[in-house]
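Before we start, here is the structure in question, set down as structure tokens.
As written, the chain order gives the labels A, B, C and D, with residue 1 at the start of each chain.
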Amino acid sequence: MYMLRTDNITMKFGGLVAVSNLNLEIKQNEIVGLIGPNGAGKTTAFNMITSQYTPTEGSIFFNNEDITSYKPYEITKLGIARTFQNIKLFKEMTVLENVLVGNHLRVRSPLILSVLRSPMYLREEKHMVEKSMNLLRDLNLDDVVNEKAYSLPYGKQRRLEIARALATDPKLLLLDEPAAGMNPQESIELMNFIHEIREKFDLTIFLIEHTMQVVMGVCERIYVLDYGVTIAEGNPSDIQNNPKVIEAYLGVN
Amino acid sequence: MTFEIFLQHLSNAVSLGSLYALIAIGYTMVYGILRLINFAHGDIFMLGGYFAFYALTTFLMPWWVGFIVAIGLTALLGMSIEKVAYRPLRDSPKVSVLISAIGVSFLIESLGVVIFGGIQKAFPIPDLFGKVMMIGNIYIVSVNFFIPVIAFIFLVGLMYLINKTKTGMAMRALSRDHETARLMGIDVDKVIAYTFGLGSLLAAVGGIMWGMKYPQLYPLMGVMPGLKCFIAAVVGGIGNITGAVLGGLIIGILEIMTVAFLPDLTGYRDAFAFILLIIILLVKPTGLMGENLAEKV
Amino acid sequence: MLKIRDLHVNYGGIKALKGININVPDGKIITLIGGNGAGKSTTLRAAVGLVKLSGGSILYDNNDLTGIKTKDIVSKGLVLVPEGRRVFANLTIHENLVLGAYARKDKLEIERDREKVLMLFPRLKERLKQKAGTLSGGEQQMLAVGRAIMTKPKLLMMDEPSLGLAPLIVKNIFEIIQNINKLGVTILLIEQNAKAALEIADYGYVMETGNIVMEGPGRELLNNEDVKKAYLGIA
Amino acid sequence: MEREKKIRVVLTVTAAAVAVGLLVLFNLILDSYMMRIVNLCGIYITLALSLNLIYGFTGMFSLGHAGFMAVGAYTTALLTMSPAQKEMNFFLEPIVPWLANVEWSFLPALLMGGVVAAVAGFIIGAPALKLKDDYLAIATLGFAEIIRIFFTNMQSITNGPLGLKGLPPYTNVWWTWGIAFASILFMVFLFKGSYGRAFKAIREDEVAAEAMGINLFRHKMLSFTIGSFMAGVGGGLLGNLMGTIDPLMFRFLLAFNILLIVVLGGMGSITGTVISGIVITVLMEYLRFLDGPMDFYLFSTDGIPGLRMVIFSIMLMVVILFFQKGIMGNREFSWDFLFRPGRFKKNSVEGE
């Protein structure tokens, strides 16, 4: 029983095949990595799972539900959340507001009740604020609650993006290069952090990463993509010794 | 309706369509390079007409000298507008530049009212363009014959410039990638200025021809043609010069022919272009000849 | 030839470069390696004036480049081949090459350089009239390099020339880089493919989060345990 | 904290009372010309808030406001005019029978004006909101023109180019400012809540907003339809204030004035819109002398029509070229600012 399963998904842009016949299988509570050289199609694979792109061929299943043609917001409602390679925060909004937006999909009061501040809405709002504050505390962002997102240092922006994704109550969290731009010390902290949030929020995590240290340290299983094709799959030590992988990363010589 | 009457309308439609095409090219070139709807383009067209008017009436120049002077002045003005109102906003959000363009447009129109006066002015038509000619059984005012011819000549010239010269090459390169163009040592600001100059030149030609076809000038005369020609550019596929010409012809012909065959719709004449625009945007947003500019997530 | 001194760059609140020093001596191949987001591209973009410096200086042939327009830097022979090739897909191969020489006036020399490029890349010669968008990734990379040669570079900076190319072509590209270097052009190379880059480089710098964390002759870095672990994926 | 909150409430109530007092005072001492300006201020605040909701807060650049105002103005006018008045107006072609004998009181007519404009906004938004930025601008501008052209031609409903004359003069300062206050409160509470935050998130980054589970299309439609409703009500007020409406009134120029208010006030600032709404409206009237005869002691002119618009165009350009953030940026005025000058409170939910 897989939580996420892709069945031969392929993405073509014009003549270019970005991802070809990708088969991913991710079980509940796993931490799985997706690696490969630049331009191998990793982010494209993410974009297909979250429906930013619709695959040219193949299907995607989440808890056995075919989600291939769903809209991105429907996918998030089902319990898949993501972060972006080039951080996409709501820059002019405060840290708290960013996380509160992540709660909006569960708001049940209609707009008019929110404007009239009906008891039903106020209860929801109170709950949202409490939940968001807790999240920010868990992610060590409670000292910057009222800062605008753009003013945060890089590392905190990355963490805020994760906090915002967690606010949508995901079951599966997709992280697109969470360690990009971090130094080794920060990367080690990130590894611990990823383990922590998995336990705390009962998550399954699927991540793209370049920094080998992070990938090998945190992932239980790894897929290696090259030119849109899976060239290897297995646990970190298998991957490190796989000649195809070494070749992909080192070039031929 | 006889075949003669049809031809009569057709000649009128083609001449209007050619005028639209001349103006639409300016929109499409600027949009191709800057991704900007130059809202003021219709007003530049208006200025071209007025400059020629004053050259011929106040300064009593021979018509062809006056036309050349007017066209040159309009081109210079187009370049100055770019420098003052658009260049400082090169790194700003798209909509800011658009708002600036709207500001320029209103500024020119209201300055037009202040300087030229709000009352219509009769354009002094040189004899060559005012003659009534008879071809077969149809009567044509010579200007309606000259408009498509002149539009065609300018179009050929423009095609040569864009496809064969180095500046043209740079323009095409810019329409794809400003930064890489810079890395080739191209003076991007200069090429953009040329583009505005060229677009304004064509608009001036259009303005003068318009003045002779409908021999009236007034400060708001650029508004409707301006909007319609932008639509023509979108219909043809924005950024594509052949597309702009095609779009201009389609809108001109649609407008004249609908009114000719369905006189009840005369009052809705100005709405056709907008309805066409909305259909195109929904059915084929890239236009008839446009390329797909996919956005990346 | 190129001296980068204590270079700082801020990108919308993010410190992309935190004071880096790089020397590129005449005639050498220098490489800059490091992970995504380490600041390699920013360094090159700062050198050609595409991003503003917030501190430090860039000296080229002992002239300070601060505040000089990109087109003038390019005319001085400091040229960047951008990441992802970025050929003008809507122009023919011939036109792409002509644009490379846009700012030059020396017609005879231009023609000679064109011959040189076509000799280096015979594949382009067969396709001169074709639109650049129809080329394969490897051919586009060749065109991008050829186009850069047309600007008459003294120092050619390349941003990830092997990105997304098949291994066989990557090998080819690295041979070409060496050939260009032999023609007297100094090279500053950014690569993810750290091993291939270090093998041909005279000297290398390792970047991490906006800092230079290590430097040394190419061979030496290649055998360094830390480099192997972090960038070569070998435990 | 509790005490501070109380002080804030007291201050707000006092300010509201002062505002009402001022309006009473104005009503007593100002002549009808000045009152007209006071009324226009209220109307323009409502109109500019509605555009700010669509553009400043949700990030959809719409130029179609004049169209929705026309819909609201015509609906309200036709519903409030007496049958006799209508018969006098429609002398070329009689009015359609289902409108001939209708005569509503002001409030329901005004609301209906808003509702019909909202329906128009809904119908237009459904196709147009798939577009973005400049394409959205030109499509909405196109729709507004289409509305105007239809109004010019539907003789038996709108009386065509002749327009409608003798609208009952219901609009007074209580209506205009009452609705302006209602709009301000609506906006304040909307952006205190989750929907307002969702709108802002869409403005900031559509892809990220959708990835947060926000149904983009639904929320854009919500914002656009509410904005159209407010524009319709504003148009209704304006029509009854003027007493006369015709299709030419609702050209793009009208949308331009509102855009100027929003840009000057700051995109995404309610307080900014209110301040600049008053400033621009007063200026617009004050500068009317420019268009009329002038006496400069040394020489006099017969008036230069259009000069006023020259100044407004230059204003718009100066703001967009040099002060892109407008008066307030996207900040809001708050009492804390008065007490601790130099520190604008951030637009957040913490003031709860």
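Quick note on the criterion: a residue touches a chain if its C-beta (ideal position, glycine included) is under 8 Å from a C-beta of that chain, and two chains touch if they have at least 3 such contacts.
This is a predicted model, so every value here is computed, not measured.
Averaging Cα atoms per chain gives one point for each, and the point farthest from that of subunit C is the centre of D. For the interfaces B-C and A-C, the C-beta contact count is higher for A-C. Computed centre separation for the pair subunit A/subunit B is 49 angstrom, with centres defined by C-alpha atoms.
Each chain gets a centre from the mean of its Cα atoms; for subunit B and subunit C, those two points are 42 Å apart. Per-chain CA centroids place subunit A at a distance of 32 Å from subunit C. Work out the mean CA point of subunit C and of subunit D, and you get 54 Å between them. Across the assembly, subunit A contributes 52 as residues in contact with two or more other chains. Multi-chain contact residues of subunit B, defined as those touching 2 or more other chains: 297. By the touch criterion given at the top, residues 50, 52, 71-73, 76-77, 81-82, 84, 88-94, 96-97, 100-105, 107, 111, 114-117, 121, 124-125, 128-129, 145-146, 148, 164, 167-168 of subunit A touch subunit D in their complex.
Across the complex, subunit B meets subunit C through its residues 166, 169-170, 172-173, 175-177, 179-188, 291. By the touch criterion given at the top, residues 35-37, 85, 88-89, 92, 94-96, 98-100, 102-104, 106-107, 109-114, 118, 219, 223, 227, 230-231, 234, 267-268, 270-271, 274-275, 277-278, 281-282, 285, 297 of subunit B touch subunit D in their complex. Partner subunit B is touched in their complex by these residues of subunit C: 48, 50, 70-71, 74-75, 79-80, 82, 86, 88-91, 95, 98-100, 102-104, 147, 151. Residues 61, 127-128, 130-131, 133-135, 137-139, 141-143, 145-146, 149-150, 152-153, 207, 252-253, 256, 259, 263, 304-310, 312-314, 316-317, 320-321, 324 of subunit D touch subunit B in their complex.
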